[in-house]
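What follows is a group of structures, each given as structure tokens.
Two complexes follow with chain A in common, the first pairing it with chain B and the second with chain C.
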Partner chain A sequence: MKGAPFMNDLIIPGSVSSPTVRLDAARGTMELSGESYPQNAFDFFAPIIDWARQFLRESPSPLTLELRVSYLNTSSTKCVIDLLDLLEGAHKIGRRVQVVWYCDPENERAREAAEEFREDVTLPFEIRMEGPGQ
Partner chain B sequence: MEKAALDLYSLRRSFMDGEVLICFNGPFSHSIIEEIGIAVKRYLETETASRSAVSDVFAVFVELAQNVQSYTGRLKERKDEPGADAGTLAIGRRGDSYAVSAGNMMDHSDVVGLSERLETLRNMDKPGLKALYKETLRGPRLPDGGAGLGLIDVARRASQPLSWSFREIDDRYRFFSLSVII
Partner chain C sequence: MKLKHESPSPDPFLERTREVLTDPAYAGNPLLEDYRELADRYAHMMRTFMKTVHISDSYQLRLKELNVALDEAMRTDFLTGLLNRRAFFDRVRPELSRSRRHRRPLCVLMGDIDSFKAVNDRYGHDVGDKVLQETARTFSSALRSEDLKVRWGGEEFLALLPETDAAGAATAAEKLRAIIEQTSFDVAGNSIKVTISIGLAQEDGDDPETAIRAADQALLEAKRTGRNKVVVAAHPG
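On to the complex of A and B.
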């Protein structure tokens, strides 16, 4: 099934303190990679959360969130929780949504953080151990 | 009056005696936090610290630095205290551990609230801190744009109880200093 051609993709290039963002409407994927401690996390994540909300409203297609984020500061963590809550709500009404969280196998702390996010939701949530650059 | 030249040797001795690896004093901007963050990570990685230790030191550095930036940013409009817009940050060794310390001028009216908050965190065990963290994650955003999570996250990553002090500067200001051992 085709995605949502009426929606725009959202691409945000990464910086030292903000992740690269690729939100692809046709594929139904939201990819974030890098580190996240921007000056204002709420401003940074607002368009990402809006995009997900619009996708879930306007497209019947599945949506996958793929995270390769090695560090999230606490404000970014709160924003990711808001995003997960949105996906969880969609899951509960029968939408096909899933999360794939990639972790550096040598960084135990990153895996613990991913597991803590997973504890709070019931949607399909996979943690994959993969080194950087793989 | 002419000021004496900076005594670099005594400054250097203080750094070496305190096992300071990186220190910054001045106004905190986002780009300075990014630059120090890069230096911190490079340094710790060459010291062959574990990835988890690098993560914890880096995370505590970011939370403390962003707290200092946010608080001193609010003090900036006040011209009555020279240096109110500057923060001080140091990352050092403590035997096999690392210490991240940050300090800034604080209005005396903010001291009681902050010390109560720190006291609460110091008396909590790790499961209690995790529960408080999760509860706060679902709570409202604070008026200053923060999430109220920073100090809880710092306490969770610390290997020893948090230590802090408020030094009296004058009627209005205290110098707040917080040290976290990881």
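On to the complex of A and C.
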């Protein structure tokens, strides 16, 4: 098994107001899917950001962030920007990190939002128009 | 160059830091590097802040748009696009009080497709639904834009005709009946003709339910006496 056996995966089942989170150390993937407006987004995202920080510190493997998130409230938006900042910092020191942002093709505004997130970052950031069923 | 997420007005703090950082008087100052880092962090924080606000606005806009669409959907019959009963009851009261205030007549028209069950039995429900859609379209275009057009139930349609007395409504109803009789709907390779029976009642200053009941009775009368016809309820006054 490649990756970082010393790291735990982090799985958080989704709820109406929070996304399903699957952080897989062996595969080097962070998947978030659903809508995000939890009671306290900073508490919700703290372990996710910590996990990414730990992965980047302890594993030399590439890291991919996959987002299928159709709605983010303001504090979740801030947390995702922080997460992107962290990945951008890693990219700038030569780490292989990338972002794939999936958008519902029915929702024009979703692409606009994804493009806004992509602004100011230089790491590979792909926006894919794919329905939630894929 | 101004970044997209930068505030539209110049940031006086950043202007000031730029001055300080380029001012020869501060050259060699041991605090200058910390100062530069602080300024960088501040600029980054402001950019993140503006970006967050901007993205949040676009999500909020999307919510607003969904809200409008939801509101619209709540008032619309999904199959035919006509108003649903809920929307009708929201809008009938203001229409009634307006007609009373101006002492103008107002009529309720109730139409029902004849032998619709036979269409469903013979061609299936998909074709039946198309026939309902086509009938609704005809119903809608044959009446005036100010009339409220409602899908009342299964194959039953209601219209509220403001500024119209029983005689005027009877003319409109007869026109509608004739158009539907003459139209063939092309549905899934079938040419389907239907007819419609219509009951009419003039609203008499009571409540909408009374006029609806009267129109319903007139509709039953039209069905009982041979279908494909218009019956006007006797004016109760």
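As a convention for this text, the second predicted complex is superposed on the first by the 133 of 134 C-alpha atoms of A that agree within 3 Å, B and C clash if a C-alpha of one lies under 4 Å from a C-alpha of the other, contacts with A are read in each partner's own complex, and residues count from 1 in each chain.
Criterion: a residue touches a chain if its C-beta (ideal position, glycine included) is under 8 Å from a C-beta of that chain, and two chains touch if they have at least 3 such contacts.
From a predicted model like this one, the values you see are computed outputs, not experimental measurements.
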Which partner chains sit in contact with A:Lys78 here, chain B, chain C, both or neither? Use first/second/both/neither. both
Margin query: If we overlay the two complexes on their shared chain A, which of chain B and chain C does A:Gln98 touch? Say first, second, both or neither.
Written below: neither
Max touched-residue count on chain A (chain B vs chain C) belongs to chain B
| First (chain B), second (chain C), both or neither touched by A:Glu106 | first
Practice prompt. Classify the contacts of A:Asp120 with the two partner chains as first (chain B alone), second (chain C alone), both, or neither.
Written response: both
Both partners, chain B and chain C, contact chain A at residues 71, 73-74, 77-78, 81, 107, 109-110, 116, 120
The answer for chain B against chain A in the complex is residues 30, 33-34, 37-38, 51-52, 55-56, 58-59, 62-63, 66, 130, 134, 137-138, 141, 145-147, 149-150, 152-153
Interface with chain B, chain A side, in the complex: residues 16-17, 37-40, 42, 70-71, 73-75, 77-78, 81, 104, 106-110, 116, 120
Interface with chain C, chain A side, in the complex: residues 71-74, 77-78, 81-82, 85, 107, 109-110, 112-113, 116-117, 119-120
Counting only contacts in the complex, chain C reaches chain A at residues 3-5, 47-48, 51-56, 58-59, 61-63, 65
